[in-house]
Amino acid sequence: MSTNLDVGNVLDARRQHDSSLAREKRAGRPLYVPIVLLLVLAALPALQLIGGYNYVLHLALYTMMYVAMASSWNILGGYTGYVSLGHNVFFCIGGYFSGMLLAYFGVSTILTAPFAGLAAAVIGFGIGLVTLRMRGPTFIISSIALLMVARILFDNWHFVGGANGITLPQLSLDARWMKIPYYYAFLVIAAVTVYTSYRIKHSKFGLGLRAISQDEVKAESAGIDTRFYKAFAFAISAFFVGMAGAVWGEYLTYIRPNIYLVILVAANMVLMCILGGKGTVAGPIVGTVLLVLFNEFFVATMGASELNIMGTGIIMMLALLYFPNGIVGTLAQKRRLPRFLDWD
Amino acid sequence: MPELLEVSDVVAGYGRGPAILNGISLTVRPGQVQCIIGPNGAGKSTLMKAIAGLLPVRSGEIRFGGERIDGLRPDQILRKGICFVPQERALFPKMTVRENLRMGGYTLRDEALLERRTEAVLEQFPILRERAHQHAGTMSGGQQQMLAMARTLIVEPQIVMLDEPSLGLAPQIVQQMFEIMHMLRNRGMTILLVEQNAIAGLKHSDWGTVLDLGRTLFEGPAPEVLVDPRIQELYLGRSAAAAA
Amino acid sequence: MIDILQVLVLGLALGGVYALMASGLTLIFGVMRIVNLAHPIMILTGAFVSYWLFTLYGIDPILSMPVAALVLFVIGLVLYKLVFAREAASAKYSEMTVLLTFALAMSFDGLLGALFSNTQRVTTPSYGTQAIFLGDLFIPTAQLYAGIASFVIIGGLMLFLRYTRFGYAIRATTQNRAAAQLMGVNVEFVSLVTFGIGLALAGAAGSLVSFIFSFFPAKHWEWIAILMSLVVLGGMGKLMGTIVAALLLSVIAAFVGTYAGSTWSTMTFFLALFVMLLVRPQGLFGDRIEEA
């Protein structure tokens, strides 16, 4: 040990370091960001008063839907580490649950969406109890198989219209105001999902989930009921996806297997989380905005949907190879994450 | 005596983790059994993995017969003549004993030679001959260790590194392992041995090297190391406490 | 009685093709612990090679099998170097590699779709519509040929793994990668070549697929689930297990298809997977799936 070191200096430096840490802590969460964001989004439909901005509203609505879906997927795939490639099954279940109620009883899907979410969650819990028994490749494979099973079932289920699906009644609103109810529905769903994701991440439950993703055996020996935790995470993550599916059907005015049960929907959820940062609260939001913008740009310039699939695949590969922690994750690692994105 | 293997100032560790070997240096002289002892976490196994090429060397160098071998792949290092029998014994559980032996001679291109040496090993170890067509994974721990050590005869390397051959074996079997080790030495191979049981290891060795915290603490002829008071100290944990 | 025999024979022929389709997948998982979700799209790539060779130059798809295999072998080497080399070095199963192969599958799906559009195609060699009658037994020639070709290739693969030096290296790497390294196997090289061989098998299977199924790029998603079910049932990375699972399930699926309608025959594979997860998660022939 060197003797000419000034002890006073060392202590000073340490005190300074401690107080800087404390200041960071005191600053707390930048609460104004989500509030401003919510206010802006809530005010956005006012655009319709001054002109036809249906495209903007559609884009915002679509983004909010995927924010909800990606954040929801993140609870299972990001926090718990179980990658599901068939999560759109719950999107479909929600869509058909509320869609059928609308078709037969005329109840708006916006009202029945929570119940659709619940139905998806119950089914998700049951499926989770079976498929979450195996960690690793088997779970992913079973999630794809689940998607295929759902596709075959819905394609052949005549009561719900088989492969052609069924048409849903439309609201008798002027085209200008047509999107508004769904817009607000998705705004609420997205906000609740992100808030739930945040609360879970900062709860004991979320800690348990992250322990499972690190080392399941150790988590179990630490007294975590891993089987229940995983299945419950699966259920929650199915819940919001189901809710989104419910409203999406009425918004499109029809429900059909090939709008819900295509692999691209699942791929989008996964990719949004990876791009933004798997396992972070803000990541899925950032990822969703980026991917939606990219898709719009791609479709506007290239048009072809096949190339769009290829582009999505290539971006995903590049992201996984060179950017596996996503934007939020990478910035956080480099301690460069702006505070308004720091929710973890 | 010229040095066969020379490790100088080697730093190595796992992945991005902290260094386990902190500038270790040691030399291995031909024709000896050299025993490496030290407390848990001293870097004994890590050293062997670094020599075998299973672990990248961060700095320092390893020379074999004067030629640098750090940075080579494990298969290249084997071809140079260094054979490593790790703790887990490196057997192929779903292959028969005979196939395991033949895998030991994977680097031999000469089929006739491979067959001759395989037969010679089976000749020498009747238990293995008896079980030649049994899957290696179904044998007892002692038999598996015997197979792993006997397998080194097929390539006839210059150096055999044995990482805790006695691990988990009954005392009378342990004795057998040391006998096989001496047999390998009598065939002209130099042995580098890691033993948790320092006393037993040193008793069967010519030279003893004591590691601690990724460095060579001291070394000397095995009988001298065996009676060195510092051994007592080290194994009572006093030196580790002082270092921390 | 003859009905049952009939279904059995058809099921076995198809099972042979499924076994060939899944064999490369199993091989790759065994050596590299990569769950290659892009395998089925590679099969389709092989199918397109044979389809175009037949359509443009009239080359029989069975004869163009080596070409498809070679094309896919090269694609395999390139993809391994570009995409998998880093991840495969760890030789541990990881979610990342599965997602990588998923993304790869999407890229190829989009590429093939953009090049050839998603219309149904089938290669139509002369035997495509013929059938052989053995007494009352009726066997479509195309399926018979495809089945026989598959069994020949699988047999060749097994002899290769069992008796050649490189086969030893592949088996050794599958069973214990570190040990193989210590025996002097260059596992990096083995991984590279095995990836190539795995895709070559996919290419060869594609040639056969091109004349027994009608195909289009997006069809691979369905096959992912079917082939993956076979691999899980076979015990992850166990070639023999995968082959037995393929034959068994194809026969069951053939019976389901005959007596309950063809829609439900594919369902057999998925239901078998879920039943397996409930009853015996390590697969029919697996000991235990290693944790990552």
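Here the chain labels run A, B and C in written order, and each chain numbers its own residues starting at 1.
Here, contacts are C-beta pairs under 8 Å (C-beta built on N, C-alpha and C of every residue); 3 or more make two chains touch, one makes a residue touch a chain.
Keep in mind the model is a prediction, meaning the values are calculated, not measured.
Taken as a contact graph, with one node per protein chain and an edge wherever two chains touch, the assembly forms an open path, each chain linked only to its neighbours along a line. When every pair of chains is scored by its C-beta contact pairs, the maximum goes to A-C.
Chain centres here are Cα means. That of chain A falls 52 Å from that of chain B. Note on chain placement: the centre of chain B and the centre of chain C lie 42 Å apart, centres being C-alpha means. Once the centre of each chain is set as its mean CA position, chain A and chain C turn out to be 33 Å apart.
Among the residues of chain C, none is found touching two or more other chains. In chain B, no residue reaches two or more other chains under the touch definition. Within the complex formed with chain B, the chain C residues making contact are 165, 168-169, 171-172, 175-176, 178-188. Across the interface of their complex, chain A is touched by residues 29, 35, 37, 83, 86, 93, 95-96, 98-100, 102-111, 113-114, 117-118, 217, 221-222, 224-225, 228-229, 231-232, 236, 263-264, 266-267, 269-271, 273-274, 277-278, 281, 289, 291-292 of chain C.
Interface of chain B with chain C (complex): residues 52, 54, 73-75, 78-79, 83-84, 86, 88, 90-95, 99, 102-104, 106-107, 155.
Listed in rising order, the residues of chain A touching chain C in the complex are 81, 83, 85, 130-131, 133-138, 140-142, 144-149, 152, 155-156, 217, 263, 267, 270-271, 274, 304, 306-314, 316-317, 320-321, 324.
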